Amino acid sequence: MTSVRRIGVLTGGGDAPGLNAVIRAIVRACKVEHGVSVMGISDGFIGLVEMKARELGLADVSGLLVRGGTILGTSNRGNPFRYAYRRPDGAEELVDASATAKKNFDKLGLDCLIVIGGDGSLSIAERFWREFGIPVVGVPKTIDNDLSATEYTFGFATALEVATSALDRLHTTAESHHRVMLLEVMGRDSGWIALHAGLAGGGDVVLIPEIPFKFEALLAKFRARERRGRPFSLVVVAEGAAPVGGAQVFAGEDAVTGWKRLGGISYQIAREIETMGGYEVRATVLGHIQRGGIPVPTDRILATRCGVEATRLAVTGHFGNMVALRSDEIVSVPLAEAIGHLKRVDPDCQLVRAARSIGVVFGDEEPGAVDRSEG
Amino acid sequence: MTSVRRIGVLTGGGDAPGLNAVIRAIVRACKVEHGVSVMGISDGFIGLVEMKARELGLADVSGLLVRGGTILGTSNRGNPFRYAYRRPDGAEELVDASATAKKNFDKLGLDCLIVIGGDGSLSIAERFWREFGIPVVGVPKTIDNDLSATEYTFGFATALEVATSALDRLHTTAESHHRVMLLEVMGRDSGWIALHAGLAGGGDVVLIPEIPFKFEALLAKFRARERRGRPFSLVVVAEGAAPVGGAQVFAGEDAVTGWKRLGGISYQIAREIETMGGYEVRATVLGHIQRGGIPVPTDRILATRCGVEATRLAVTGHFGNMVALRSDEIVSVPLAEAIGHLKRVDPDCQLVRAARSIGVVFGDEEPGAVDRSEG
Amino acid sequence: MTSVRRIGVLTGGGDAPGLNAVIRAIVRACKVEHGVSVMGISDGFIGLVEMKARELGLADVSGLLVRGGTILGTSNRGNPFRYAYRRPDGAEELVDASATAKKNFDKLGLDCLIVIGGDGSLSIAERFWREFGIPVVGVPKTIDNDLSATEYTFGFATALEVATSALDRLHTTAESHHRVMLLEVMGRDSGWIALHAGLAGGGDVVLIPEIPFKFEALLAKFRARERRGRPFSLVVVAEGAAPVGGAQVFAGEDAVTGWKRLGGISYQIAREIETMGGYEVRATVLGHIQRGGIPVPTDRILATRCGVEATRLAVTGHFGNMVALRSDEIVSVPLAEAIGHLKRVDPDCQLVRAARSIGVVFGDEEPGAVDRSEG
Amino acid sequence: MTSVRRIGVLTGGGDAPGLNAVIRAIVRACKVEHGVSVMGISDGFIGLVEMKARELGLADVSGLLVRGGTILGTSNRGNPFRYAYRRPDGAEELVDASATAKKNFDKLGLDCLIVIGGDGSLSIAERFWREFGIPVVGVPKTIDNDLSATEYTFGFATALEVATSALDRLHTTAESHHRVMLLEVMGRDSGWIALHAGLAGGGDVVLIPEIPFKFEALLAKFRARERRGRPFSLVVVAEGAAPVGGAQVFAGEDAVTGWKRLGGISYQIAREIETMGGYEVRATVLGHIQRGGIPVPTDRILATRCGVEATRLAVTGHFGNMVALRSDEIVSVPLAEAIGHLKRVDPDCQLVRAARSIGVVFGDEEPGAVDRSEG
């Protein structure tokens, strides 16, 4: 029914729980249903340039459903259009290696390439399709859930589970010590993890990039809680949160060592709260534990469905598309339409309004209104 | 803006993780946003008949987000139209106590009643609205996720987490002992938990009420796996699964003692597999641990959103409706349309097809086809 | 320093979380520290009779720390002294295959055999050592923790975690529905899991084989709790629990089907409580999910320490011994002394007294005393 | 049998999972077994100075078994011998308020004070007993498990669970991205959490205060793993780890903001590894999530046993002692002997040797030896 005989698959960008479940679903669907062979390409697009690939069979994907990361390896620096080539003299230079990638695609005898990756990897995939006619199918992966074409992406629910579990743990310490506890979660450009974790973990304040905050609103919330006999508060901070007027002031660099660590805005916010409000404050930067480990069941299912549908698109020749989740169905969306559209939190969306309705403060409220709200 | 001053809330039917989170959201939304008071009614509709109610404030709902069950109590036998009245002589008789319920609703000074419950409780709510004009708003609760008006209900993801975690544990034992392991999960009339858990937990066979099965197809699957060097299999069984031609043969009654236990069909299936196929088989009935305990984060969020929206419907006078989840938005649906429509698994739906595509067997396959599928 | 060049390792009896961690530790200690090669023998002693073995290197044990079960496979029927031989005519007969096992031990070029197993497997190991002079070292494995020579065995803490987590979930359902909920856990001959889980999960009643119970004491406890406004109770039942005077009345056989299921005594107890006390009762048999899956951290550590010490005993020629945990140190104990001594719960031990002290009822109390205790 | 009629209880120092379980056990043992009343004193010794106390009954401790933190509140600055008194002019001065504490002890009608706390709180308790004759009983609490008088303290196993779970999650990311991942855990003066978590979570390198490390040994380990085809490594770092020759170079202060955050040595180590070895490195500081939240089952049991035994010591007049765990029994130890003895990791203890035996590097090895070890 199809002339597709061999499919390549690669994973690009930062890892996310569920990547391996997608790979497993692709291999199983290829073998069990379609009778198609699969080549796993290593370390993202770099593997295509450097011709690192291996055949994948059922035995290779056994046990992958519960395994975090990606057995194919990945890379954050995998753009073949700007490939970091190491010259014989040891120096690196950026070259366009897309033609090599195309040549290797043909050498491997591939009829389609499934790219599992974020906006960056999918843009490369789209360019390959548009400029070279390489038949591609995309599977969106963003742990931040900030791709507009799909309701949810796999990995997000697992990150949410980790962040919420951390909040649950901080809760009792905050209460016992009468402290303000901050938890900094992922989200440089969008606040989805912070917003969801704040709702799931009972955060009193949620700070996200989309809603610049004022410290006065935070302090008003802490005071209102104190008056109710709750002299402690939980604050969920997205990495990219910033106060009104200020740019994101904290670069995430550790000034003593010069080492570039993940996050850190919460340290500065902590100091301000301590100074301005006289509170005992503690801050935790959750970091990389949000993106690894065993996927939660819903992520395993979503990843599996994405893998199966991407395979179906591939073997039926629906190239240039990616899979997406809408109304609990996996649908197909042209890559050209899907890429480049970041889904940010609308400050007036239903979820934010629901959070405000139960008293969650985002920092853009009038302090006086916050004071009254818990009266 | 509204003349609603006092809202009553009750929980009916079997418990589900997230009930308390709904109650918390209702109380917080009432207090923080709407300035409305809340009466918690005990033990479902029985509490309305027996006038057991208490005012709920912010302090009463503190800590509820992570707590399973319902602080209001619930009852499986709470129909006021067929109330089990205990006569002075000690005998019980079923009487229509709906007028008493209506009278108590007025006595309590309620302007609206929010009913959190399954199809049974919501049908009662709808009848109260239609026959007595009692202003009601519904929040659907079904751990089986089998209500057609909404994509998902809170509690389902937690039940899925428990079932999947059990499968993960059985997996290694099955593998080490070369056994067929059965896990029986909830689902008398619909197989959603079994289907989702089967996908999330790597089940090889999934048996659900909607797809009658043949033992031959199961045995073919076990043999196919053996030939691939996998001499063990995981079978997920919904309580209501039944073989082709047979009614649900196993009544769930324990014949030695006469005690009516939950489930048990998996015991019978286990014996058949053992007898027919010569396999070493073990069966586990997961039972009540699927419906209690700390809700997973997504259930906490869904429950919170439902509570907030139900409150908004109540204070804005949109009675006779219930909340529902569609495309990641909470919408409102007339109760009259929502009740009585069981959402069963369509054997040809995308999710079942995805499962088949990766080799999951439902028992309606031709044994020969199964044999070949993993060749 | 040692003439030991090659060590064999096998796992016998039912699986337990941590088996793989022991295997990993043995292989790593052999390779990293001792420069010794390791042969993994499949499916317990059967593999020695049937000459199923393979060399194990570092790559083979990668990732095993978190994996339940045993990569070597195991068997509950693996006694080489009574080996189930299948004759050419298809019939089975039990033969003494110990000489074959000894011969294969030599053929494989083994200098020592590390046996990871329960009392049965260790008894076979001891007999091999005593009768054939096969140099053996033992690692005790009993998920029930009922071996007297050691304080704790790996796997027990994981089983406890599973049982406690189930109790936590049942708790909220019991409370919401005003029910008596029973949880049946492993423990045919000893009640360690039930006792520990009862303490960890807030059980109100704990029924264990070592303390025959009277229903009157149970009912008195339920009544006492009702009087305190707690009209629900949690009962933890060990598989082998039995009422006073009665033998273990329930054979674990399902009378309808004749299929021999695990456990079931809780069904009978449930019926009695329902009948005698008029309570709404539910029972859950936890079954096999107690012995599989990812080991908890303390089990991973204990398993690792046991593997390392067993390897040290092997390469230093301390044969005929097994490792044991005492006062947080791994020590060595002669197999001849260790086997055959079941560690049962002493009804007057500190742990039982602690449980009684906080109000846990074991069923041997005078009902009147129970009634008063919570007054 | 005893003249003790009323017992006071307080919790001091940083919180630890299991504090509430101790309080619950004390109240239950007092009520159920001993018929003694209990006063809960708020916020550590401060509550004794400021006379903040309330009667505790069975209802107050319901549900506490699974709850992190302490319902009594605690304080890190609670020394009555150096009490921070706020003068009418608003300034603070440190005064000796021990006489006030003694007077309040009498006013409250207490016959004994149970102090649940770390070395600091127990030292104060001992001084009260020695200097004022206040009858005290101690329950040791140290999440770092560094008290020499007892084998384990409650809370430690939960912290270990959190740290191990984080390592499990980092593992797959390290593998997928070919990175060196660092996890910084608690342990300023002792490395118990790092050592146990390293063993449980498969750490390749463990850095603890007791064993100064050399970067060369770390790099040798990373290289050895690369040669085996494992181009990634996990490093567990205790807060107080330090390189050879250097004092603990990193003060934990954030230089940009001046805010004193928890930990941070791992950031500096990360930079060194990156610079010296050319690896892609990431570091996560786990922080406060290690000391909050639901206790694991073994901690719940240990806490309960400690509470019951402390109560027994109190009502039988064995003052001046604290409870301790030895060989799985709770014993009694004079406070005077127990305090002031920090239990540090002996670099030659069995646990460290076991870790080295399976290839864990502590940084004091000769780089050449490390290189060879995985050959």
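Think of it as A, B, C and D in the order they're written, each chain with its own count starting at 1.
Methods note: a contact is a pair of C-beta atoms (placed from the backbone, for glycine too) under 8 Å apart; a residue touches a chain by one contact, two chains touch by 3 or more.
Quantities reported herein were computed from a predicted structural model and do not represent experimental measurements.
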item: For chain C and chain D, chains touching each; value: none
item: Whole-Å separation of chain centres (CA-atom averages), chain A against chain C; value: 41
item: Distance between chain centroids, defined by C-alpha means - chain A, chain B (Å); value: 31
item: In chain C, residues with contacts to at least two other chains; value: 168
item: Chain pairs in mutual contact under the definition given at the outset; value: A-B, A-D, B-C, C-D
item: Chain A residues touching chain B - in the complex, by the definition given at the top; value: 24-25, 28-29, 31-33, 58-59, 62, 65-66, 151-152, 157, 160-161, 164, 168, 196-197, 199-202, 228-230, 296-298, 300-301, 304-305, 308-309, 311-312, 326-330, 350-351, 354, 356-359, 373-374
item: Complex interface listing, chain D residues touching chain A; value: 11, 14-15, 19, 67-70, 73-76, 162, 165-166, 168-173, 175-178, 181, 250, 253-259, 261-262, 264, 267-268, 270-271, 274, 282-289, 291-294
